[in-house]
Amino acid sequence: MNYHQDSVSGVNIAYIGGGSRLWAWRLMADLALEEQLSGTIKLYDIDFESALENEQMGNLFSAHTAAKGKWRYQAVRSLKEALEGADFVVLSILPGTMEEMASDVHLPEKYGIYQPVGDTAGPGGIMRTLRTIPIYAGFAAAIKEFAPEAWIINYTNPMALCVRTLYEVFPQVKVFGCCHEVFSTQELLAAVVEDQLGVKGVTRAAIRTNVVGINHFTWIDQASYRGTDLFPVYRRFVDKHFEAGFATPGKGPWTKNVFNCGNRVKFDLFRRYGLIAAAGDRHLVEFLPPWYLKDLETVKSWQFHLTGIDFRRARLAEANQERREIITGKKEPKLEASGEEGVKLIKALLGLGDYVANVNLPNQGQMPDLPQGAVVETNALFRLNSVQPVVCRRMPPAISALVSRQVCNQETVLQAALTKDRTLAFKAFVNDPLVTIGLQEAEELFDQMLKNTKKYLPGWEV
Amino acid sequence: MNYHQDSVSGVNIAYIGGGSRLWAWRLMADLALEEQLSGTIKLYDIDFESALENEQMGNLFSAHTAAKGKWRYQAVRSLKEALEGADFVVLSILPGTMEEMASDVHLPEKYGIYQPVGDTAGPGGIMRTLRTIPIYAGFAAAIKEFAPEAWIINYTNPMALCVRTLYEVFPQVKVFGCCHEVFSTQELLAAVVEDQLGVKGVTRAAIRTNVVGINHFTWIDQASYRGTDLFPVYRRFVDKHFEAGFATPGKGPWTKNVFNCGNRVKFDLFRRYGLIAAAGDRHLVEFLPPWYLKDLETVKSWQFHLTGIDFRRARLAEANQERREIITGKKEPKLEASGEEGVKLIKALLGLGDYVANVNLPNQGQMPDLPQGAVVETNALFRLNSVQPVVCRRMPPAISALVSRQVCNQETVLQAALTKDRTLAFKAFVNDPLVTIGLQEAEELFDQMLKNTKKYLPGWEV
Amino acid sequence: MNYHQDSVSGVNIAYIGGGSRLWAWRLMADLALEEQLSGTIKLYDIDFESALENEQMGNLFSAHTAAKGKWRYQAVRSLKEALEGADFVVLSILPGTMEEMASDVHLPEKYGIYQPVGDTAGPGGIMRTLRTIPIYAGFAAAIKEFAPEAWIINYTNPMALCVRTLYEVFPQVKVFGCCHEVFSTQELLAAVVEDQLGVKGVTRAAIRTNVVGINHFTWIDQASYRGTDLFPVYRRFVDKHFEAGFATPGKGPWTKNVFNCGNRVKFDLFRRYGLIAAAGDRHLVEFLPPWYLKDLETVKSWQFHLTGIDFRRARLAEANQERREIITGKKEPKLEASGEEGVKLIKALLGLGDYVANVNLPNQGQMPDLPQGAVVETNALFRLNSVQPVVCRRMPPAISALVSRQVCNQETVLQAALTKDRTLAFKAFVNDPLVTIGLQEAEELFDQMLKNTKKYLPGWEV
Amino acid sequence: MNYHQDSVSGVNIAYIGGGSRLWAWRLMADLALEEQLSGTIKLYDIDFESALENEQMGNLFSAHTAAKGKWRYQAVRSLKEALEGADFVVLSILPGTMEEMASDVHLPEKYGIYQPVGDTAGPGGIMRTLRTIPIYAGFAAAIKEFAPEAWIINYTNPMALCVRTLYEVFPQVKVFGCCHEVFSTQELLAAVVEDQLGVKGVTRAAIRTNVVGINHFTWIDQASYRGTDLFPVYRRFVDKHFEAGFATPGKGPWTKNVFNCGNRVKFDLFRRYGLIAAAGDRHLVEFLPPWYLKDLETVKSWQFHLTGIDFRRARLAEANQERREIITGKKEPKLEASGEEGVKLIKALLGLGDYVANVNLPNQGQMPDLPQGAVVETNALFRLNSVQPVVCRRMPPAISALVSRQVCNQETVLQAALTKDRTLAFKAFVNDPLVTIGLQEAEELFDQMLKNTKKYLPGWEV
């Protein structure tokens, strides 16, 4: 890398999962719009063709007239090629395929277990985790060998256990996990300021929040706008909109899109627990007993959706289609800021200004009521080659109980995956809050789900 | 107190709940059979008449021809009178009456929630805890004022939160909690030795166990008989008796008595979790999702009973009847060792020999995977005026997950009780593993149960 | 307080030690130069006349033509008056008088113990601490009663034990301690950048450092200027200037002023220990065995000074003289920024922008190798009504050994002061690294010093 | 091994340092006198001739008419041969020779630093530790390869860092360290009982103590004889004998033997610190500033001795002479119990009865005020294949300060030894309480000492 007055050139980024559609494109856009950085991105993907198409996409973004940062994209055929010489490594993969996801999300429905996402907790989340951990153990070994000093940014879910696996296998790894779920809640708080205080044009950048918890089950325990503590304000806001729900700004009504929600679960959790739950409602409900997931009726009444795999398949096909249109010149690439923070964090790590962001890191003291080493999500201070989480207060005990339960289960899943222990994995499965069926039924379901994902469980006896 | 060559006279014991039937009588018998101790027992009870009858019972025990230790029993009218000058204080009360217990145990059945005991966990356990904590806060204040140096032995359930409340209110208190649930498992292990190793006449005293966990949800992670590690032996035993069950020695078949069990839950937990669960099956099942409590059919298939309140009422009436017969001379008092360890611990605390026993104490390092201060059950070394828990290994993560969940919930209940916070109490309620009903039904049930116990919730808005 | 677009008016500040010369005037200047704040400062001092003179001084500063923030100063006659209604409380007192300081600093010289400052560690530091703790226990009680929600900023030394005492007596207190010692090292690093990298005009604001340790014995373990890690740069710098020393920028040669130094101790510690010691050399040497304080020859060779009490007396007299000239109009008040950060932190706490600064706080996880609760100095993130320390890495073990030793001793002194325990205080005294004389001589010295400060030891048997 | 009714035969013991004189012979005697055990001892020593002579010695002990346990001794030529098949491994070596010890103990005297032992702390202790750690790292690797399930009993000094090194290199190792220093203090307490309470014939077995601290710097914080708390009794005893001193029972007056003392240091520490220091005075003084080691006059006034290396050489020659006489039949082997506890602990680990003893183990919670992992000395419960330390209370802060300082220094020495880091080792050296000389002199001394031991520092640049 070369440092100039206020910029850095020659930055090498490895993008693992480099054929990825949405996430890769967001980064491409943000990099193109960033004037202080330039360099090379190596795209590695088990689907090399997709990486190749992204190479073209990326170079088109970079060549865009509005692009300020010049980047060269290059698809490569091996992890090694991608990692060697990398200053930053982005991990953003789909562990398995839509087929496994279909089993994760829809098979439990036969037993009355509904999951809007199925990527972190719940039966689906556990299965996805079991197949992700061996992949990440491999990443850790490769990073140790080829890029031990690089900063690793993880976007893949299950976030906590991806990050945890990297640290477990290569303790010196410099990784943190980024997720945008908290951002929507910050945007909601910006809308709260407008709705309750009458201030127009507030963006999430003006909202200060302190985040505690674990990824997708994060909570805000301090929130302010300039000199105003937003907690009493949010309480009034919740009272006003509890019944009708409130659309997250910029996303439209909850009925418009399968990812949208009316924030009613968030409002209900605030009333019950006193902190501001800070993820999409569809994520939050998966960490709790089936209070909001009892049946489809209940789901609807709380104003969120189950994200079916058919929808995901269609979305993927559209994205492929869009990419082809762009690289064949039928369509213009759209160069707009994604709202993600990855590039901002990269800049801070390069010494281009301090930054405070919520990220996923092993607990090293920042969350006094969770075990050391568990991957938690809190604010952290980013500076040149340094990420330091800030120390948070203890969570209220009732929230601590909900979160701890998940952390314990995650630890069980990790050990089950690392030791390929079916019995241990089942213990985590039946301890999941969403699994309220009988032991026997649970075993049946577990068996089927495990079989459906066995291709990704090397060395397991399934 | 006066120390002699090998004995201590003039020992003052305060028995709070001194009108108690079974527990008080057991202590009376053990004290009468103990030749190294003598002294005075002051009996305090909110039912003074019952204490008076026990005074007569106790003095009859002491006057028994077979009695070796001479004790004077005296019913007193106030806590103060009982505590002043006490060297030891026994806490053994019924928090509330059979009426409240009926609500605790049977009301949830209307919602499909079955509880064999309802004294520690589950909806019933939570209600019982809520009404016990204010009583124990009062005890703590009285002990601080009248007997700050005395050793306190707690027998009351919910064990963990009784002990925890005393420490919370009076941190210098010298209390530990005794429970006999582990003893039956040790007796079972003695039977295992006979069944598998062919050694006759082994008693639980010859079995060495290390105990971890929380009261009524305790686990044995080391067990031996002389030079033999009992874990592989127990595994063979479980395989042999899994289907038919095995009656705990000295108790008869599981069908004989409502407190008996066939140990099938214990066997199943061993197969699933790898440690020896160490409490009656009726207790164990209450700390888990309704795996063994789905319906009455399931309960029966696992060979344990629900203890109905009618049964408890009848048992109490019988005990009253028996006491009357004894104190009117119609019946002889039976002087036999109870099998409880209280007197042995008292002796050790008086310097009459070291003793190692499993007791309930705040975590001060003995269980590295549970929070400091949480009341846990482990082995401890008893010596003159000293109780020191031994440090245990971490629990396997899947068991840790089950236990931690309860510990978190207990902490929530404690804070709810101390701050009279209905909302907080409900959070613990819906986080209980047995509460798998919907949020709305749960609130309904919680409301009714709380109303039924409101007499014991001073200062609450119910 | 009233919040406006980008400012806050009606801020109430209580200044305890409000007759103070240098520190109070610095704050007055900074407040006057701050356009986003205005309000009232109540000055309380046991020397009311001095507070009254400062009232005039302050109002003159505020009336200055260059003043942007309008403040009203008012001397008050009681702590209560000062504290009631305060949003912020500044604690900046001299515990005792020059007479006690003379004993602290000079009496040990008779035993060959030299102390350049004597305000934190060493025999003098211990004595000063013993008389400060009762005063701070009183402050804590008053804050609890009159201003429990106010933010407290401590400037008084001994910093760590002032802050620790407030937390010990009133655990809910919102206090942090500010010290400028690290700033000089940041200025030195700015000079390093100029000297080694050839960049002109770098100020300390452009230097990023991470601070660990305890007040006056702080260490920098990360330092950067934009994209440059300053550790290898500093090493070259130290090698170049080790022999001749290097004057801290803006302060002139070490011979010019009794507070100045040639930074040779700092350089030597860097070579020995690998981190950048971050306080004036005169402070650093007091926390170590008498390596740099063996005799006056040694002191000189390391290029720092002992600050005699005669010098301090003269300086105080000058300051009094200057104040009189200003309030009588003979001299203009000089309105220039002090370089202190107090006002910046106040602004951040009012929601006027995030700020990261090194401050003294109880360890709540930020320093994993020091005990919880010990007052440590690290960076912290300041936001609306919130201060959160950042989690640091473990110190190298050899530095940890030096710092832990002081922390243990501080804890002993605290307990000695709170329980008025002479014997305990002596244990801390003989465990101080500077006390290498024999036990008997040490007792003799301790006795004399204690007698000389007994006026400030109410309830002690001296 | 074969388990019988009340005994175990076929026990395999590896004795590393098997040519050792005193320690090996003590074990031989104790094993011969033990009727419940029999088996084989393999003797490994770098001095194979000495091991061979011990083989003969051992077999003579075993053939003795009074011998109850039958053991076969066999000298072997490699660690591997010794370890393979071992159930227990005894580590009891001299790290280096008398030549290195002469440098450790006597060279510092030229700088005014006196050390009575020089095996754990002080300049000599640090040097000895530096050469021991590589040897123990080798042991750890061999144990991992050849006897990973064996129980290891360490007798070698420096105790704490021998044990610590084994755990560091092979974390699953099952090692504890035994030292008899506490026993003498227990014997002293038995004498206290006789002197103050008039009870005759009390042995140390009847004294109950709780031990905290680190090896050779251990403290008793609870002591009792039956129902009597010995602390007030000891205080009276100290007052009575402070001036004249008191000979440890069974050892004779302090002037008789270079290992004896008058316990005056122990008495003085009790008066100053409130706990009963529990090691020979000659050990205790080495962990403190030179309070008791100022000069030879001071040493004498406190009634203990410096153990010169000439004395040790003579003692060794005598022992060699004695061995030759015994194996040539000129002299009868003396079969008497050594008073060591090793055999008792072996029996407990074999399931032949519980035992509580003070041993050295990594801190896993037993000493809440010392870092996890540091090797501490406390009581532990021994049972079949299990050692569990008991949890102790926090030490008084002034003692904690003294002990923590040593623990920090030990950690520094460990890391210096493992990484062969001369600079780091010097940091520990100058932080030792006995090193109160100037930095430059300290470097000079350190250099010389290091050179004198460089034969045992493979890979170091000296």
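Note that the chains are named A, B, C and D in the order they appear, and that numbering of residues resets to 1 at the start of each chain.
Definition applied: a residue touches a chain if its C-beta (ideal position, glycine included) is under 8 Å from a C-beta of that chain, and two chains touch if they have at least 3 such contacts.
Owing to the predicted nature of the structure, the values given are computational and were not obtained by experimental measurement.
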If you walk touching chains, what's the least steps from subunit B to subunit D? 1
Need the most distant chain from subunit C, centre defined as the mean of C-alpha atoms. B
Between subunit A and subunit C, what distance separates the C-alpha centroids? Give it in angstrom. 43
Any idea how many Å lie between the Cα centroids of subunit A and subunit D? 55
Subunit A residues touching 2+ other chains are none
May I ask you to sort the chain touch graph into line, ring, star, complete or other? ring
Every touching chain pair, please? A-B, A-C, B-D, C-D
Residue set of subunit D touching subunit B in the complex reads 1, 3, 8, 208, 210, 222, 224-229, 350-352, 354, 356, 364-366, 368, 379-381, 383-386, 388-392
Interface with subunit C, subunit D side, in the complex: residues 272-273, 289-291, 294, 298, 369, 371, 397-398, 400-402, 404-405, 408-409, 411-412, 415, 423-424, 426-428, 430-431, 435-436, 438-439
